[in-house]
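Think of it as A, B, C and D in the order they're written, each chain with its own count starting at 1.
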């Protein structure tokens, strides 16, 4: 389940970001266009919660900002959790509270206190790096069936919550949005929260970063396929996406590592004009071409992915449960 | 996901069968009503395929048969596989071929060669005895997305197959039929195959028996809830159910064991009138009442359930794939 | 991994207890021998910690007590946790603290503050009802390798802890004690803590009761096999066993359910002399014989075993970590 | 569990191979030293079994060969299986037969027909990329306990086979060789087969290549630690290693990708002297230094690792079972 580049990339946005994180796109755009200050149509703030957790908010406010970084107008909140693979209970709880606060805030901008919510977990339970969505769904405190069949066991004013992990296109044969549309028509929720895997530029962010946005997503299976979009456009209700990078493409990894390598040569005065130029350019496409003849451009994930997914699952599930119940 | 007793049990059908297997119900009815020959409105045949595999077909042909055993008019095919927990590849393959033949036959009575099929796996992947449905879905050869996006990779005349394991009411908050209805409306299959867990009277049948029927099912969550039925009534297309017993209720186990115990006392001339009468009666309700004050009437499953599920998954998945592709 | 009946059952101990819990054996002995007060050589106390957790301590003080219930002289502490399958974090933490206190106390009776400990998890990770031991081992905070290779990262006075889950006889071909003996000879721990599955009379106790004892165990594979014993006799160092019932034999379940059933008939004045006598006797052997011709005497486990094991794993792992580090 | 470079790297062997595959080391040595033909002390042959499977045998025959590639005198057989992640049953069976033949051949050079064998699976069942060893062990047909307790069920002349997956240093606190030594002393096998994860230069080889060797291994935990070696030296019996690459270090990936990238620039006449020189050198150490300040030099694995491990497990388990039973 990997969000794809919008096809409406325009002349300003000449390069391919290869990341779904608004904050990385903003940085890449500024670097590529030598912009010093904030881009027109984009506002952002950054806050360090503690030594391991930071929150960055990027707000795209107009069409100019939208064009610059190829993301729709809306809110993009990135929570980074350092050293997640060795995180203890206390840090996981802290991170889930940060997520919960941001989520509660963004939900309240779209629906009322008791409006029905459905949580959608994208991904494949049988592929470890892609199993976060279904694992979170298993931990969501659903109430919809109890409100229908046994309301006496619930407190007055309990919000109706349902949750589903429908599987991926490759194992169902059905676009997720086709499944979801029917459910929305039959069960009438007011808002969708979708948990999705993202592409990131940075392997450090694998299963350690969460991006909350309110602009919907396009799952991986739906390349160039408008029908696959999961958004207010296709569903008629607001969609809040919780996206987590879980894999990285080899060419992205090599491209970024090459920059770090040249940077090191520069510091040691061992670089030269050619390399300096190489660093300023984006060599992704050429690296990709160099790798692909060898069938070498794999999608990779860190060895510790099992533990990362386990800890991130706790953060996201608690974050959602606390925000919506 | 346990199919429930039809509420239309009538005066003839006074006792509760506590089994979803038509063959067990037929036997119980004949015993309770001292019927020697076949019941009016019920036809059946039995075939031993080899020393471990047998197939029994029960056909309910009229309302009389329907009333007798509380199952709708239709076909009920039971495949028993002995010693499944230690079955080798060869026996699993054999059993899957038997299943496949029966399935192909029953499907051809309802739809044409290339008509679209959706396979539905009920159950909860995180509860071992209830995980068969989702595990089978993961092995179904789906083609629908390829027919839509890459038909050039498929042979001419490939049937469109999709598959979904939507989860259980307790973790989704949504009745399975509500999920399925939307999918059927959006994707237009001509037939549903549903994999479901059944109740059986016999612990020997746990994950060792498959019942194929063409009359739909009511999942466990929907007690007394007509909306929960998964059938041609609710979906508008035929539903073929593949049901597998995976658990047993303690009271059923004790009731049946008590009969075996008294039988043994009788053989040894150690029984008496009271016990003889006890054996002829159905003591399920009283045993249940005796157990419940202690919270003792659990649902149990054999220790080897992991291996049983694994082997049965192979039989059912291969059986379906071979029958429909 | 099921502890077996000692072969030295003597004339006093005529019946087979079919439980490894000292507290159940004591009750059975008292009932069978119509003993009103405490048995000679056996002392016991019971404490309710809160509404869900209780602790019972049985101490066998002399050979008379040993003969009565067929368990060696020593301490047997039973912790019962009610409603474990729906336990929340708080109750799991509470139960782990109770376990930890008892464990710390019993360990201190055998070794000094910093003496090396090895934790041994019996069972098979691939068989859900038998997977508790290996799952606990994965959570034990081991320090032995750090003390050897990187002591600078540990606090002064850290105890050396190692842990192993060697697998079961059926998958290794080697008696656990043969594996353990070599490790003890090569690594020189001063005490073994072994996590083991027990037989219990009560299905209510499945994965809800913990028995701590300091008298060693005999794993399931070693029927009538003295070499298989894991105890101070075979290893030369004290062995503390943490045993948890995880399965029940059908004949035991039926035998006990039959008693509950007759009890109910008695209350309703529907019993008779024969049944009253039946209840006073132990019908296990006859029930077993009645069931076995049908290959019906399975080992069963509750449907919720996945969740029970998960919660019990947390209690035992935390209990051990807190007691020994 | 990653085999480490022998510490006896000498002046000839100046660079670090960063691979445990003899065939990759031979190629690297030849390239670095501009050797055209075979290296003195090294013989090799290569055979294409079919379009997907090839076998390469490297034999180190004297100290000269040993020094050249830093591997002890002995046999190194590499089986490559292309497209393993999408392999069907037929190809898996074929690959397992190739492995089986090579294994049977190499075993027969060390022990007699019925001599006892112990199979050792290194790795951690809870870390997907490191779970191959334990998963293979679960499928080994062990006979030792049956030969001891129930020989009547076995054919005359059955070899005694045992198997163990002891876990990793980080979860046991004990070096694998310390565990194994005790078992060997107590059970007296004549040969060890050890399944181990290897380092490779090529991400294409992840879980797609098997190296059989008869010279023992050093598990990952034992860096610079002679005691950790699992070999005839430490155990007194021959050790046959079956090694499978399952992860790759980012710096290795980047180093090799950089070469491919420069090669592409060269072909397009876009390279320069500096880059050409860069390509001829080994930049691993500098790349590593460039990456490490960012904590960027992770160990990565392909996204499809679950399926790769599953298929490779079948190949290795069947290969061993067929070779030794």
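Basically, a contact is a pair of C-beta atoms (placed from the backbone, for glycine too) under 8 Å apart; a residue touches a chain by one contact, two chains touch by 3 or more.
Since the structure is predicted, the reported quantities are computational estimates derived from the model, not experimental observations.
A.B. asks: Could you name all chains that are in contact with subunit A and with subunit D at the same time?
C.D. replies: Chains touching both subunit A and subunit D: none.
A.B. asks: Spelling it out: a chain qualifies if it touches subunit C and also touches subunit D; which chains qualify?
C.D. replies: Both subunit C and subunit D are touched by no common chain, going by the contact rule given at the top.
A.B. asks: Measuring centre to centre with C-alpha atoms, which chain is farthest from subunit A?
C.D. replies: That would be chain C.
A.B. asks: Where the centres are mean C-alpha positions, what is the separation of subunit A from subunit B, in Å?
C.D. replies: About 41 Å, centre to centre.
A.B. asks: I'd like to verify one number: the distance from the centre of subunit B to the centre of subunit D, where each centre is the average of its C-alpha atoms, in whole angstrom.
C.D. replies: Here the centre of subunit D sits 47 Å away from the centre of subunit B.
A.B. asks: Between subunit B and subunit C, tell me the centre distance in angstrom, where each centre is the average of that chain's C-alpha atoms.
C.D. replies: 37
A.B. asks: Which residues belonging to subunit A are in contact with no fewer than two other chains?
C.D. replies: 126
A.B. asks: Which category does the touching pattern between chains fall into here: line, ring, star, complete, or other?
C.D. replies: Shape of the chain contacts: a ring, since each chain touches exactly two and the loop closes.
A.B. asks: Following the definition at the start, I'd like every touching pair of chains, please.
C.D. replies: Every pair of chains meeting the touch criterion: A-B, A-D, B-C, C-D.
A.B. asks: Residue numbers of subunit B touching subunit C in their complex, please.
C.D. replies: Going by the criterion above, the answer is residues 126-130, 203-204, 247-248, 250-251, 253-254, 257-258, 260-261, 263-265, 272, 274-275, 283, 286-287, 289-291, 294-296, 298-307.
A.B. asks: Across the complex, what residues on subunit C touch subunit D?
C.D. replies: By the definition above, subunit C touches subunit D via 125-126, 137-138, 140, 142-146, 149, 160-167, 169-175, 178-179, 181-187, 221, 225.
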